[in-house]
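We just call them A, B, C, D, E and F in the order they show up, numbering each chain from 1.
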């Protein structure tokens, strides 16, 4: 979908992300759709639609559409001439949602490799309890790290966690006070709540539990269940201080109350986790916004609402007319 | 008006809240109106209008209109075929502005009943001075509590004040340190400035004085006038400390500088007023947003700008596709 | 202890809250103690102490002391002439920590009465699971609501919760949209984490878990355990939406991120809980500061760091010289 | 008093600003006083005092004291050998409170001169109503502009207002949109509430009304009274818009909610007033802190809590060791 | 351009500020342009345009256009019937960008006059080094003071600086502690970085350096270069303390970290500069918004995003219907 | 010095960091000194001092002192029996200021090694210009990174920069979009202003320039000088975009306006620098506070003003009495 340009003819299948039946000024009905594949989404219109046709499908279904592209109010849209519902059993849902560009199997193997290097027996047993839980691993290796922000694609969470684990593994010798096992375990666990905070089978969204309780608290609950399993496995109680330190890393990793942490980081591993998490998330976000900005003529991206700033892409080979849309 | 759905024929009278004469792409003139009755407002268009026709009425007048409804850009609008100015003397203005669903006479009786249970003679005389002022009572029992926020309808202020008085009356025995008479009087007075801060005879709006001075300061001025009357009535000077405490309750009831109070609550009755005021206002706002949200398919209301959050309505019986529009 | 005045002779037993051995300018050792009973605490000095004597007791032990009171730098202190360690088995610890002035048995009965009026069978079974847990009830009816802020005494938490339950019970009919059973259960549960966040057997303090994880997250964990018991009891799964709503009330009851809630209140019962909690806490704090301020000559309390303001006590019968220490 | 240095013998009369009877470690009583004259204040101790002696005077009385100065904990204090109560009728109270260094009569004349240059008849009549009110003029020409901040001395308010009026008078021609009469009247009125917000006959303090209601609201009330007089005087009603603009200037002159204004400046004259007020106040504060800093060896004043910064006094001729006490 | 009203025929030349080629619903191409002259800008459409025509010009070029005006969605636009590229050598660029209404030569003379009244030889030499730099003077007398905020027109920076210099010159005698020479020099230099932070030859914009480094730091760099020249000129080193004070005035003049100053004002001249700068900028902004608001029927301007408020224009002679669009 | 405990006899040389001559209650003079060696500082008193003795030395001089230690108000102090001025030529100043525990020569070698791996010829030439400047290298390898915060010891800046360079070097391959040469150069340069912002020859302090201008702006000025040299060296102009990106990294590295950056990070390398800088600084600060806390009986450090929190040291083997001094 990110290959389309103005005036292209289109004949492809898409996921229906949104559907509205509207009337134009003359009172004629038309369909306004949002269509999506794994590279992005686009608005689409089918003129002269009927209520009957509109009832044949819902958001979440797949449509094969024919039509052509057109620029409207500065954005590309599809003007459809034909639509047809597609049998979902013939569809690979993952073709319709954004994916990590990295090899998920290799990332998963790397995750196991780093986690199995943990030597503290309690922490080692704990991470194993997670790794042998197939349902958990399926979700953890599929979930995005967010809906719109950094790593917002399938396996984005895995990619994010493996990167931070790799960084931690490489630099932990520089800080002898840091407990390597605790840091690695905390990095692995910090976002586990996201596997249920988000839903990502068809479209990416927050679950009701995600919005009402949030992945920090959900992560602590998941940790508790596995700690009990782990104690059964080792035959020894999980050390209380270790458990407190892990819970603390989960609830404090956003770093400030303002960003939703009920506690500020108060241990060495918690503060390290907070900055490593941010380092990877922000580099990822900056890279994506700079890379994906379609406008070649400006040295700057548009204003990024989430970041509160525009980003500098490098001095453009534009026609020399300065960009007028920015006032700090 | 909140009964209308797509394609309905309409033949009714409305208040004109806004009027614009515009030209379409072909240069033909049309009228763009905002029409209102007590259940809500709607946009309306009359194609092929003339300047002559447009001059026959202004915002604030009433029109009888014929036409039919249509969905445009996701919202309902009226396409008018005929308009006709209505003689305002044949109109009940209150049919065209939102009303409390409660019985205003009964609310007013309840207000008197609670206030006349005040035993401190100075405070009792003071509230009587307000209650015998017919012009004040007319305004106080008509005014909304706001333009857009909580209780934004005729008699909304009365409903709000009577509810808080009722709560205070029921719980004051739990806190022996609270002065019942002072608390009830302060609740009654805290928003009296709103009777002049807002205008609400035809549409709801802020008066110039409301915007430049605000209902906190205006309330103190109104209190001062009645305190003089009250002293004349009782033949005794109104006790200075009592007056200071009442003024303080008025100027501090927003609770923080950020919300426009020049002083923080520094007495027991002032802090109680602040939380009771907020309790009722927020429960009212949450209830209305949850009740009035027209979208049945989502568990959540849209993002509420004033509240900085979405509200949870309960898990919807939707088609299972999660809502994608939310990123915290 | 709050009966002491300058020059009194003292012969009583106290809890040692703090102990320091210091040297004066001449190099002579003396003991600096903080002594406490249920009415308050006082600094004390024993001149010419030896290291041997200092080793005979620790903070948390009880001492019988003789001496007399003296004003030093504006505060009362004890100058000790004799100290003697007391056998702790002869001590009632509750005589040495602040207590609720209300009857704890009656409060507990009132708690049961209100909670057993809940009609939703799942919520009713849930609260019963808590009420039949004797260890929980013992802690819940003993814990303070805080260390320094409101209700900072034994059974303070119980007193706080029963008061809010009573208010909710009296006013819930004013708001038909509020779910009475959900609101009462949420009020009961909102601070349960405090029974382990704080330690209060000898002195009041935060536990390590309290500081690292906090009572909001701890409360969710406690709720989860009881929900499992409750489902076993009823033989039916606890409804998921009900559980989410309860967890949400616990995690959001501080109202804003700034005060440590990871989520803002997004349901009607959650916003009601937040304001009722604050209403009671602030009225309690204001009452205590005004009542306990020992200075009769000023109309104002000293500046309250936690509240960011001074409180008005009423115009004092002082000698007319205004207080100079206040600059807003 | 600001002439005293270490070891000086003292034999002078002072105002008693504070009095405390304390016991030392040996249980002997001593008096701890704060003594004041118009150049400043100093702590003083009289060893071996009796309760009888202490009862012979109160704060607000005057004492003749003998003793000598001594440096204690970095500050100068008086060690008294003799005290004696002074008959207050033989005292000029203004000798014991800080005074403007400018000629008050000349400042008052300048105030009248500028105000009487107002040409709008309503505003002219209004300011005359203030100027013929002798009690008001007495207070207005005596009051300090604050307790601790800028212009904290007798006639400080007058000095502040006359300076701003002079600036406005000199620059108003640069901004043709500014209404000179309105601006001058608003400057004159903006702080009139301070004549009752503060008490300054013996020591400087906030009155109860000042703390509970504040000089912004008090100023609006004072304005209303004079506007009625003024309308009687001119025989014409005071124009409503003019009154609103004046009230708005008073309530908005602190510029932001954070600094206690219930309204932001929304007129041209209100925004000009806000910046002129700040310009004079801040230049005054900076000048005083730089001039009064007694430490000659540092290029910097100590950290100013009110300003949130240290001030640069100019590179000192010190011994070259940089000041170590500053970490931003 | 600000003379145009609905239905006017137009035959004039404009600067092309933006150009987009779009397709309408029927797939026909049209040009969407933003055209500009020194009085403002307007949107324009040319129906049935070809790609070939669109390639004949770019933003920054000039077009002669024929067409007529039309109201679309509440704003005026041009419907073009004919366009023709204009030879830029026949154009006076300054006719197409907003200009100061004051005489630039006279402002420049006034600038020199005030600056040459500086008596400190180092500061005098320094300002002369700027004034003899023709390229600098050309830019300084052409640059706007901003893109959208105050003084956003050619020579706006000069107008702003000359006004503040004039104010400082008139009031400096009121504050004997202020160093007149230092204050005037600092006012002159505070915004010099803007001559390169902004680009203003064809349209107004931020330069890349302006966005990445900012005019505060750029101004310090420019100052350093001239200080070296100045020392060469006088044959004496520029005094270090004087240079620090000037740099400090530049980097601190925004007054707070929040507004981008890396240092708070810590000298008398720096704090004076900060308030004088704001006084002029805010009076200018308020005046412009009140003067330029086209809506005669409301007493209020629309909400000003930059100022966080609406401005009061004076009570309107409207039809009495209050304005409904405001909720604080 | 950090080896001292209560009652130790002392006979050593120290740097005098502060000197005050005071009088006690009996009017006898004594000296109050702050003494320092490289492990810390301590307060000291010499009773019965004379003015003559006090004049024989100043802060910045060295004293040999005899005396013994004593606990006063919870802190250790020295009671001196003898002092004697030491000939500074016989002193190694670095023995009296805190030092890095790492080998400075090895750190310097590591710095060169990493920087000389830069391949971009302009950046390579630029860093060489710094490395061949012996005066710069001497300062850069001596300066602390701060006065009180992280790395507040000689060579602390070098240690900090080498650590971040090492981390960047190890992880840059994980982010292909990051420009390694630019990132390494920016890390090297980000704090160069500190070599003149601080003074650290005898005691650590801010220079006047450091306080008035700050190390961000000073660093840009230093960069400019070296860029000119570098262009001379290579015979090619230094690329403008590269220079802008380096300046931007320096001015934005504090990350937010609140922490004194005039610009937010807007490039990939600037955001990476910001988080790497913080990661190292915060891990360093947490490690030091946890390691240096002398109190073995508490699981927690005291409240850290700079961090706004206490830090968790691990569950202590204390006597079980919880710490009472913490209220969140």
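Miscellaneous remarks
One rule holds for everything that comes next: a contact is a pair of C-beta atoms (placed from the backbone, for glycine too) under 8 Å apart; a residue touches a chain by one contact, two chains touch by 3 or more.
What you see is a predicted model; the values in this text were computed from it and never measured.
By the document's definition of touch, common neighbours of chain C and chain F comprise A, D.
Contacts with chain C and chain D are shared by B, F. Residue-number overlap of contact pairs with C-F passes half for only one option from E-F, A-F or C-D: C-D. Comparing chain pairs B-E and D-E by the number of C-beta pairs in contact, the larger count belongs to D-E. With centres set at the average Cα position, the gap from chain B to chain D is 43 Å.
Between the Cα centres of chain A and chain B there is a gap of 42 Å.
Residue positions of chain F with contacts to 2 or more other chains are 208, 211-212, 241, 245, 248, 260, 266-267, 310, 312, 315. Interchain contacts give a graph that is no line, ring or star and is not complete, per the touch definition above. The full set of touching chain pairs reads A-B, A-C, A-E, A-F, B-C, B-D, B-E, C-D, C-F, D-E, D-F, E-F. Only residues 208-209, 211-214, 216-217, 220-221, 224, 241, 244-245, 247-248, 251, 257-263, 266-267 of chain A touch chain C when the two sit together in their complex. Across the complex, chain A is touched by residues 17, 20, 22-23, 25, 27, 58-60, 146-149, 199, 202-208, 211-212, 260 of chain E. Of all residues in chain D, those touching chain F in their complex are 6-7, 68, 70-74, 79, 299-300, 310, 312, 315, 319-324, 326-328. Chain F makes touch with chain A in their complex at residues 163, 166-167, 170-171, 174-175, 177-178, 240-241, 245, 248, 264, 266-268, 271-272, 275-276, 278-279, 282-283, 286-287, 290-291, 308-312, 314-315.
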